[in-house]
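Okay, so here's the structure we're looking at.
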Amino acid sequence: MPLVRISHVTGKPASFSAAVSRSVHDAMVETFNVPADDFFQILTGHEPGRDLLAPASFLGIEHTKDVVFVQITCAEGRTLEQKRALYASIARRISEVSNIKASDVVINLVETKRENWSFGNGLAPFAPAVS
Amino acid sequence: MPLVRISHVTGKPASFSAAVSRSVHDAMVETFNVPADDFFQILTGHEPGRDLLAPASFLGIEHTKDVVFVQITCAEGRTLEQKRALYASIARRISEVSNIKASDVVINLVETKRENWSFGNGLAPFAPAVS
Amino acid sequence: MPLVRISHVTGKPASFSAAVSRSVHDAMVETFNVPADDFFQILTGHEPGRDLLAPASFLGIEHTKDVVFVQITCAEGRTLEQKRALYASIARRISEVSNIKASDVVINLVETKRENWSFGNGLAPFAPAVS
């Protein structure tokens, strides 16, 4: 059910976005009980320094022009422990499969009701039954 | 009050995005009590298969590389019946005016407070009056 | 903690997006208690009239093809007074540093829990401590 928006700098090889995309998905499967075939993502490339902006340092963490933003809209209800595990897994996986540092992975969750989703054919598969 | 983000594949004629855009708006007017002149949309084209990703099948619904994502940020308060009607209307309308199949229309709602909007001049027209 | 998405028309000089970007950030520092180094933004340029759509008039406010959308995902908890001040400050600042009219500045807030953020290294700095 998550819809993932990944915003990265332009000028990377195609293998880069594929690796980042896969890292985020695998982390959600691992920590958020997301089915393997629940894979909906939108990726965009942005001009570094002009269209993708992060501070040199925030909360003691340093950022470079290679910052990656991962904004995940998902159903509400995950626990704090699950969220902590998700952040750790995404940052670790991306840093393992690319030259992006874990410090350059910025993540934000937007939680919505389960009835707020349709995955095709105009249906609302996770909405409660109408009584 | 809705802000609509439509993400589709690149390489379509200009008439394509106009038809999809209009379909989503008309569906909101029909089912969500959105005024005809409340028309705020951001459209983006994405490289199919690389930057716009959907599973071949999820919940029994098949997706192709032509998947269209419609993410609608709107005021909270619509009923489940209204949401079901919105999903059905968007999917039907897009499939009628383009070669996109209803199965390739993925929709997500993000609901916010009515005070979370400004439509120009720095005003908050739907915020409660300050007592 | 905010993540700001700014969507503007293409074909502007680089100084334009920098000025708009700075305006939004300064307004958040002024009205939303955002630290100066809490500066995370994603900017995108869109084809006017085709990919960035606003009505000619809504609620008595006129829009042109130069409309700018500012969507801010932030922690919940700001007061209505703060939100009103934010909208006014963003619209005023953008209109002062660019040729964008205050009437063409459309703003939307998406509020989330404080635990829904990671700013690098997979940490959740604003989550409550696990007991």
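General remarks:
We just call them A, B and C in the order they show up, numbering each chain from 1.
Just so we're on the same page, contacts are C-beta pairs under 8 Å (C-beta built on N, C-alpha and C of every residue); 3 or more make two chains touch, one makes a residue touch a chain.
All of these numbers come straight from a predicted model, not from anything done at the bench.
A rotation of 120 degrees, rounded to the nearest 5, superposes the Cα atoms of chain A on chain B. Annotation: the chain B:chain C pair of sequence copies touches via predominantly different residues, less than half of the used numbers being shared.
Chain geometry summary: the mean Cα position of chain B and that of chain C are 20 Å apart. Looking at chain A, residues 44, 110 sit in touch with two or more other chains.
Against chain C, the residues of chain B that register as touching in their complex are 3, 14, 17-18, 21, 35, 37-45, 73, 110, 112-113, 115-125, 127-128, 130.
Per the touch definition, chain C reaches chain B in the complex via residues 7, 44, 46, 50-59, 61-63, 69, 71, 80-81, 83-84, 87-92, 102-111.
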